[in-house]
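Below are structures written as structure tokens.
One chain, subunit A, appears in both complexes that follow, with subunit B as partner in the first and subunit C in the second.
Our next item is the complex of A and B:
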């Protein structure tokens, strides 16, 4: 780790420690914030032990978390596998753009969460509805960024590939997609964020398992400790998946990251 | 064989709003090195882009070996001012793409790549990525990528314009060695007068927009009679009276053009 990196890590840990200390002070030590509004560290720990061992809302934390993770992974994957190719295609062909863009312009301003009622109506409270809603929310950033990535490719790079007699499919795979990949990854990061946001919202509204369902039950039970457990679980899962994506990006774009340095 | 012909070529951009080229006539013979110089915006790069197949003439014919150009292709290799390498491919992969597109067997490709790397002194950088190389090295890769195709004509669009002065001189000397040893048809676009005189067999001077060919100077006859190639260093050639004479002639011719700014 570089010196600057170490410094940053120390500062980050200090901030985190400060927040925890403040939490401890305001709830457990001074009682400034009552336990009915926000749990003390001890209450949080009790809730965490309960859901990890005996379980809460019908399952253990691990099962809830894995279920949510599975839905995000599936919705995100479907969105990326459909959105990135469509974005690349729209970027490559003015005609495809002309066809798709009007539909896109109408659908795009609809918040992904507004699809939830329709999804539940079509597919019920099960996994399919949530995957669909995640798909819709994660689809848009994937498409737009892949599209922009293609449109921003330096013209000489495309001309060089054409001059070299590159056939169509190889052009897409070895020139267009890699040239657009920095933007594609930007899209993937936004898509991943959108996936988590949408998942929790969808599980809050209608679910029988999952982290959002834990949050919903804890609210009905007036159980602040468990609400915090649910919130932090989402935070940790979102953070972990972002780290994995960043790792993949660093490996895939080694040629680009080094160029930026 | 690799001749290039411009026959009464006009080019207008934007539905006739801008007339870029007017009545271009130029015949470039097989294995001839022709440089086009002209004021900024005179359309010299457009000439090259029409031979490459990136632009179509508005009227008239652009022919390579007597056949009209319709699309870009590996028979007309282009070296771009901004190198236009594929940054996600190594030097070797950059050079290999054109060969793979020709569906050559692996052994033949290996041999051709090795030859191109040797030609441009890139052997020790074969597995580097472009961003790890200096500008001069990157342009070497681009030239190797073009040469390896064994093109009918080589199109160079201000290839040394983005290089620093010292690197440029080295590249110019190297291109001269390359072109004399292994002559092929080259269309070379530049705004640097010395570069044109030093490299080319003939220099075509263009007017400001709409670009026309004002004058074509024969350099080769002078080069041969004054034995320029016996001087390995560019600065020695540039000191020769015959060189200075030609250079001054082109400078004056360009200066007559209104709108002459940064030749």
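Our next item is the complex of A and C:
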């Protein structure tokens, strides 16, 4: 580790220690912040063990988390599988772009969260409505970045491939998709973030299970310890999926120098 | 990419074709009753409801009144985010120690979706104006901070060296060197903030508000008024777009003034 890195690590750890000490001091020791506003470490621990063991809001933390994770994975997958090909196609053909763009321009300014009431009207409070809104929110970044990725490919690369008489399908699979892949992954990262935000919002608006539902119940029960547990779970899940995506990106783009660091 | 650029005529025709296909399919699905009209009203139904809401109140107010109340909260949240985020970002760009202290905390909080702050926001600031403002703040704050910080960190070293050599004190250095140099980056950050803040506002109002467009939509959902829900979506989309256009203009203007390429 370099000297600067060491310094950063020391200050980082000190900060972490300081924040935890401050938390103890203001809640448990001095009572400056009342337990009705923010939980003390002990209350947090009680909530965490309650939801891990007996469960809260109808299930244990693990099954709430897994349910949310499953919905994000499904919505994200559907969005990527539809968005990336559409983006590539729009990038490849100006005709497709001209055809799709106006519709896209109309729908795009509507924030994904604004689709939640409509999704609930159409599909109810179950999983299908959540997958639909996640799809909507994750779709746009996937399309835009795949599109930009194709448009930014160096012309000589395309011309060389065409000169060699590469057939259409091979062209897409072996030239277009790989060359656009760094941008595609940028889009996927944004899509993933959007998926989590949307899922949490959708579960807060109406759900029967999931991390957002835990937050919702804890809010109604005025149970700060459980709110903190729910928030941290959202953070950990968001972090873990981002790490997994980054790992996939590193493997997929191993040939790309820019992605290596 | 593979084909030659389209002529204007082709582009317009194709675009119109796309729009016609979209609206046609929508109308077809709802007028034929493939999807019950109560759940998928025709485009015309939605448009007429949209204008009707200008005069007929729903959920306690007309559409413009809901929009005004949303916008007020939104402005508070975004301004608060800018007022705290930009100075903090500049300070972090100048004082290394502050950077090393704040960055780990910030990185830790980054993965928590802004909308997950809703329960604490409601608990701390209520569901009137305070709660939603805090959630908008949570959405709009990170880009303000990050862009001010990056702008300040990547100022040309020559400028800083020149300032240092002339013995410029810290505060003047930040205000007169870092701030102007970071301005384009800050404005770009504000634009992202404005978009994320608008998105958070919608989320907040769906969950914890007693007025505003999001609240109107939830009420309409509860009474299965699909037209009103869709009218709300249109209003949200239009305002989001206006905000984006205005800030893009401001960004272009600033860049031109600084002699940068737009």
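Here is the rule we go by: the second predicted complex is superposed on the first by the 238 of 261 C-alpha atoms of A that agree within 3 Å, B and C clash if a C-alpha of one lies under 4 Å from a C-alpha of the other, contacts with A are read in each partner's own complex, and residues count from 1 in each chain.
Keep this in mind: contacts are C-beta pairs under 8 Å (C-beta built on N, C-alpha and C of every residue); 3 or more make two chains touch, one makes a residue touch a chain.
Keep in mind that this is a model prediction, so the values were computed, not measured.
In the superposed pair of complexes, A:102 makes contact with subunit C only, with no contact to subunit B.
In the superposition on chain A, A:227 makes contact with subunit C only, not with subunit B. For subunit A, the partner touching the most residues, choosing from subunit B and subunit C, is C. In the superposition on chain A, no contact is made by A:87 with either subunit B or subunit C.
By the touch criterion stated above, A:235 is placed in contact with subunit C alone, subunit B being left untouched.
Of the two partner chains, subunit C is the only one that A:111 touches; subunit B does not reach it. Of the two partner chains placed around the shared chain by superposition, neither subunit B nor subunit C is touched by A:187. Touched by subunit B in one complex and by subunit C in the other are residues 162 of subunit A. Across the complex, subunit B meets subunit A through its residues 52-54, 71-74, 76-78, 80, 82-89, 97-98, 100-102, 129, 131-132, 142, 145, 149.
Remark: subunit C residues 1-3, 5-6, 10-11, 14-19, 22, 39, 97, 100-101, 103-105, 108-109, 111-120, 122-124, 198-199, 202-203, 206-207, 214, 217-218, 220-221, 224, 226, 229-230, 232-234, 236-238, 240-241, 244 touch subunit A in the complex. For subunit A in complex with subunit C, the touching residues are 7-8, 11-12, 15-16, 19, 36-38, 91-95, 98-103, 106, 109-118, 120-122, 150-151, 153, 158, 162, 193, 196-197, 200-201, 204-205, 212, 215-216, 218-219, 222, 224, 227, 230-232, 234-236, 238-239, 242.
Residues of subunit A touching subunit B in their complex: 154, 156-157, 159-167, 170, 174-175, 178-179, 181, 255-256, 258-259.
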